[in-house]
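Consider the two complexes below, in which chain A is the common component and chain B and chain C are the respective partners.
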Partner chain A sequence: MKKCDILIIGNGVAGLFAACVAADRGKKVQILSYGAGTLTIGGGIIDVLGYDDQGKFVSDPLKGMESMSPEHPYAKTGPKIAKEAIDSFLKITEAEGYPYLGSADKNMWLPTAMGNFKPTCLVPRTMDASALFKAKNILVVGFDTMKDFYAEMATRNLRERFGADKSVEEFVVKLNFEYGRDLRDISAMDVARWLETDEGHQAFVAQVKSHVKADTAIVLPPVLGLEPNYEVLDSLQKELGCPLVEMSSLPPAVTGTRLNKMLHSYAKKHGVQIIEKARVVGSEIVDGKCLAVITEGFDRQRKFYADQFILATGGVYGGGITTQIGTMTEPIFNISIKVPEVQTDWSYKQLFADKKQIFAQYGVKVDENLTPVAADGSKPASNVKVAGRSLAGYDFCYEKSGNGVALITAYKAAAAFCGEA
Partner chain B sequence: MAINKQHAIDPDKCTACTICVTACPVTAATRKFRGPKMTGPALTRLRKLVSDDDPMLDYCSNCKTCDLVCPSGVPISTLNMIAKNEYYKTHPRKSKADDMLAHSEKMGKLITSLPLGSTFANMGMSIGKAFNVMGAMGIAQSAKMPAYASESFISKFKKIKQNPYLRKVVFFSGCYINYNQPEVGVDLVKVYQKNKIEVAIDENFVCCGSPMVAGGYIDDARVNAAKNAALLKSWVDRGYDIVTACTSCGLMLKQEYQELFDFAGMAEYAAHMYDSIEYLAKLNDAGEFDTNFVNDNTKYIYHAPCHLKVQAIGRPSMELLPLIPGIDIEEADAGCCGISGSYGFKADKHEIAMKVGSKLFNRIKNSHAELGVCECGTCRLQMENGSGVKAIHPLTVLRKAYGL
Partner chain C sequence: MLKTTVVVIGGGATGVGILRDLSMRGVDAILVERDDLGYWTSSRFHGLLHSGGRYAVKDKEAAKECIQENTILRRIGRHCVEATESLFVRAPEDSEEFEQEWVKSCGECGISAIPISMDEAFKLEPNLSRKLLSAYRCPGAAIDGFRLLWQTVASANKYGGKAMTYKEVTAIETENGTVVGVKIRDKWTGVEDKIACDFVISAAGSFAGEVAHMAGLTVNVKPSKGTLIAFNHRICNRVVHRLHKSSDADIFVPHGSITILGTTSIDSAPDDTSTETAEVKAMLEIGKITFEEIYDYRILRVFAGTRPLYSADPNAKGRSASRGFVALDHAHDGIKHFMSVCGGKFTTYRLMAEKVCNIVCEQLGVNEKCHTAEENLVDDPSPELMNRAKAVFPSYGAELASSRLGNEKLERVIKHIETDPEMKELVCECENVTLAEIDEIAAEPTSHTVSDVRRRTRLGMGTCQGTFCAYRSVGAINKENMPWAKDSVDLLKDFLETRWKGIRPVLWGNMLRDIELTRAIYDAALNLSGVEDIK
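Presenting the complex of A and B:
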């Protein structure tokens, strides 16, 4: 493993996208990954900014960024970089034959498995909800033994939302899977695999077709195939003669898996080397510069050298940040994160308080160049940048900026290391 | 300091995120398997309370894809193996083939020690198939079984005259190379000698135990582990590095021993263990790898075995082989081949194994490559069986490129 130009730690959406951006610019890029990134269980959609600091809906995320608090990652990137990042992501999706819809300056509304709507920016074509708003009739399709999707509930909520404007009906497809639910749950992934087979395709069409009236749009959980392409969507739309729209749903996620496969495919085609199961435990820093990061396994420690490093290891859930009572640390560069000593001060009592949760905003502080800043104000390593969920200052869940902050900060970090941005 | 293993066996580290379920190739291929999260960490917690268990955990192939994707470092596959071995202590086995497949070394020893043994054994395989003896034993009718060599690697090794060098390794050949494909071992010695490395072997090494653990014979594996661990430690004490050319042997000796057993010296020798190509890649990093190659204009497709991916060493073959002038090599990147050692030979698993490997087989066929390349012996067999394209060890490619 010879020294590379840019070494990326983490292969979630931030790490993979940073790798794609840098490899596109001719850099020799390596990714060290420990476990698959959490994007494989995420929704596969790109939220950029749905609600501002006060909880007000933002119709144009690029505009909304201008009034973020200075601690927010978007305050460090700004709308210009954000637009470049989103455009660059869209180009990758096109090159991979799985183009996404949308743009960074406009939020769209996506139906959720509950039958509510959430704002988001970029979605795969399988989630183009505009068809729902246009159609006169909506057919909610569920699957009789599938876990975590209740067609009845989604139908009831959609009916309430659309009122007398539209007719909302439900239909439940019978799966008749071998071993039903006896041995293991039937997830959206199982149904997606089934719809990729001729047998599943035909059974689905045969059951659903007679329920499709004129001017109908079908809405269903994300089950339209596991591969990053539109073969299942296109063939079903053709045969049923109506649009199909996937809702955003719970893990394990079909749409997140497609996004993961697409970014991996692009990265590998562009020469990115990925080393799996590489647990990074520390770094070698000399005179304020990182020379190498150190991995540890069952055999021995190894050093991975590079000119520049991007930390994209995720937050507490993804394993990028470790906590103990009263302390929080980024373990690779040993950056301590300032938190209250009393654990109960880390959060509002109500989990869904109508404001950003305190703990959700903990992360690594950075300067305007995304270089990490320790609690005492010092900068541990000048050739390191931080991207994605490791960053402090945002609550993706509250503000609906998941994947958006990851893409935009990853783009800024990678482009800056390539002499741009 | 290496990871300390035994306390890594903790089901409570699982956050039930389901990433392993999204990645498990067996879960994708059959509904008979409950999936890694359920049979691994989830049921392990229950097993602490109740002893009876689920026969369906037998469907775990120990490919370790779950371990590879787990963000919390849970040794999911090893939890499955421990449970499977407990299960067979009190339950009858599904087929008579389990014993034979788990103890491949016994078979290899027997066959190669008889005059013309391999001829008759290989003939016996085909006759056995014709009369459905295999089926009766629980081996899939259409599975292509490994053929036996007429002379073992150890016997061939003794006839090779080596130059002495300061850099010395002991080569743990493993059963597949010793009894089925000894030429791969010879390739290793030739390629290593070219790179100024002296190769030793140890006739006292026994089967690493990987097929025993996967087949539910963990007690036999423990006996072998005790022997091998002591021997490996003694070689390292004498200044040798250890190399393996079978990724499953490598993983077993280096990692799974530490997860399953507790013998002295395991962490110490593991610090000096290398995959055979990884060792050469390390020389390459130091500028000491011999790149005096002749042209090779062959089109190859490389498949990374699951048991290599999980070793955190990247793809050393994809670092070295592209250095050969004229070579055209790409990585298949199509997931598990399905065989998982002896899993795919079993009658009730063969169809699953072929389904798991189907993506790889199509990828190989569509690549129009002349040869497949892979470090793992049974993966190579499965690649050939599924795609019709012959597959060789990367050491064989290197030996040819050196003109040896």
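Presenting the complex of A and C:
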């Protein structure tokens, strides 16, 4: 078995970005991936820090990071690394021809499928909501047989929010797909694929065009193509003569799929080797250092050796952390995570409790170098670093910090393994 | 002011049973319920139609009533019953002598208990623990509490009986020691009204004490809380009982794609429907004796209801109190034409109603006999209607929709889809609920919340527990013509918080994963809880 420099476990945002960062610095990088990751479920937008601990809106995420609790991943990275990470991500998006908008020191507001708004930091150009705030008329575009988007609800909520300032109208495109229409079994993915075809493009323009008045911005669910480029957006904007804005919406995530494809493409171009269907079940640790991680497939166990390891397996949802009654464990390095014995102590009585949920903050504790620390204070493996959702100390939902923590901790882990501070 | 002969307080099984019985005998009656029909105990149970086997040894009277009513309900309420049959299984922990006594008792009570080999039992129910020693097939079944209630009311409606939901009784009025009416208040509008009547029957279950108190009387109800676990699997195809002296967590009841395990017995307040992790853990430990892999099954939710056990002796407690029912004629306490009905079992709700109505009718001078066992709750759909249903619903959904809706609504929903095929959209894939069905139920005057719609349609009650259909159902309901469904964010929060209550005590494994997904969708992507601060 050939040994690589850095072995990354997990191919979500954190794993892929860490691989890109390390590969950029000339390292030989392997990713062990298992399943599609949660990227295609979550969206492709980069939330960095939308709300502070008190639920107050943070207009400058970098500034907001200065007052994090010491347990928070951002307290381990600091604003300087955060800025480098975000800049480095933006460079990758440019290199891949799918540049993102935004910067680490400024949040923006993005419309959601409810017809309300959420704060976020970086978005693809298909989600440039500034057009929405500028335009006098908003046209909410839905699709008649598409699942999980209700144009009427979004329209009504937007109308209520803007009042007399703007006119908000609704238009529903008829898809006329041969399949799936009876049960409204068409997803945003299907529509995105359709808009990449000439037929879809023409049908969309033909139906929508007459409803576009002067000074109009169109908002619609994320359907502007599955590929990480702006061909669909640019051509539609040109023909309709108005800006189009995708909303933050439910899975499956078209924008997450684009981000996934873009990061994969960049990683592969830079020599990262991605090994699929590699379910990591354990590790071999000698004298406080990890020698190899062990995968289990249908046939046999295999060992993957490396000098350094980045654990980017995700949290409870992604499978990076497992729980049973009264216990929580990181299974690969067998790190037990301290949790209350009584399950109801894991959470508040309300799911939306107007504060960070308790269980959301459970995860692997790390030192200031992102090296894992066990419950007894010992460090199981000094050449391992943790990035992304398996980290303790934050609630990505409440804070709106999901992909931001992933990118920034991945950057720090990878850069540190490449000899940078 | 409304006028009727009898006011029935309480929209649980007992109350609706009495409403139907009185209406069929030609007695004017109005039922008033403070919440939604079946909001309390009548839906917070296993959904078990007893064969009587569970009571055969301890209470032959109850066992005989159960098998008699079981046979009747399979006939008159066949759209609410999944005739699964039941299996009684003995574990090494359970007494062999009890088994022998039980077999003898079942014979005496007329309950069919067919012994089968363990090989056959394992063939029928592959998930059963291989340590089990003996098994018997009995005629138990699964029953849908919500549906039975609504169909019983639909049947009463045909005879002029009325049920009003979200009407709280605020006073019971008497003149010269005789009841003359009740005061009610609408929960949503706060509007107060009066119903003049000749007779009041309190069928308020665990709240019977509070209702009696309004008339200055004492009724000794000892609510006993039972916790239930709903699993995301059809663990067994039959109801499975442990063959031993009745105890906690020894009954599994399959319902569609899920299974419910129950229960426990703890003295509680009437409105205490909370559940603790410790109870769930204890139940899983016991359940493991029947199904060894129980810890591997994903739990959908846990819930609890209170049994309205009646006890003349204020010191009697929990499971040892009688499961039978009592009808208290408060003439003995100085108020005429006021009666409280306490205790009882869901399975025998019809028989209880019959007995109560016999007493009431005698006092009212009505000679008509009870007909409730003779007539089906709802008519079977015609083959023509079912053929139309099969053309517009997904294959499995036609039967489901038909049994949920009843003929009249089914026909309207079919017509809606026939004229507008897009109404065929499946809002809830787990339970095959179409947009047309939601439209129909949401527009009913009895619907005030998404949960009301949920109880009628089973929307969001399947395996995803509302993760996806929460958004869909609110999107489907949030329309111009639906006055109660204006605030979409509030509706969504209500729906998700209601669901959260049942998951919080079992927040581990896949339950926690599912909640992470829910929060990722509703908080991270849709910002349900964050404030907007747009400059």
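The rule is simple: the second predicted complex is superposed on the first by the 416 of 421 C-alpha atoms of A that agree within 3 Å, B and C clash if a C-alpha of one lies under 4 Å from a C-alpha of the other, contacts with A are read in each partner's own complex, and residues count from 1 in each chain.
Keep this in mind: a residue touches a chain if its C-beta (ideal position, glycine included) is under 8 Å from a C-beta of that chain, and two chains touch if they have at least 3 such contacts.
Remember, it's a predicted structure, so these values are computed and weren't measured experimentally.
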Superpose on chain A as described above, then tell me if chain B and chain C fit or clash.
fit
If we overlay the two complexes on their shared chain A, which of chain B and chain C does A:251 touch? Say first, second, both or neither.
both
Three-chain overlay: angle at chain A's Cα centre between chain B and chain C, nearest 10 degrees, stands at 90
Once the shared chain is lined up, is A:35 touching chain B (first), chain C (second), both, or neither of them?
first
On the A-aligned overlay, A:51 touches which partner chain: chain B = first, chain C = second, or both, or neither?
second
Of chain B and chain C, which one contacts the greater number of residues in chain A?
C
Could you tell me if A:276 is touching chain B, chain C, both of them or neither one (first, second, both, neither)?
first
What's the minimum Cα gap, in whole angstrom, linking chain B and chain C in the superposed view?
7
Contact residues common to both interfaces of chain A (with chain B and with chain C)
41, 183-184, 251, 317
Interface residues, chain B side, partner chain A - complex
1-3, 5, 15, 17-19, 21-23, 27-28, 31-35, 38, 56, 67-73, 254-255, 258, 267, 270-273, 281, 284-285, 309-315, 319, 331, 333
Per the contact definition, I'd like the list of chain A residues that touch chain C in the complex.
41-43, 47, 50-51, 55-57, 109, 112-119, 133, 144-145, 147-150, 152-153, 156-157, 161, 182-185, 248-251, 315-317, 322-326, 342-344, 346-347, 349-352, 354, 357, 359-360, 396-398, 400, 402
Can you name the residues of chain A that touch chain B in the complex?
1-2, 34-38, 40-41, 177-179, 183-184, 187, 189-190, 193, 251-253, 257, 268, 273-279, 295-302, 314, 317-319
Residue numbers on chain C that touch chain A, as the complex places them:
276-278, 281, 295, 394, 421-422, 424-426, 435, 468, 471-472, 474-476, 478-480, 488-489, 492-493, 496-497, 500, 504-509, 512-513, 515-534
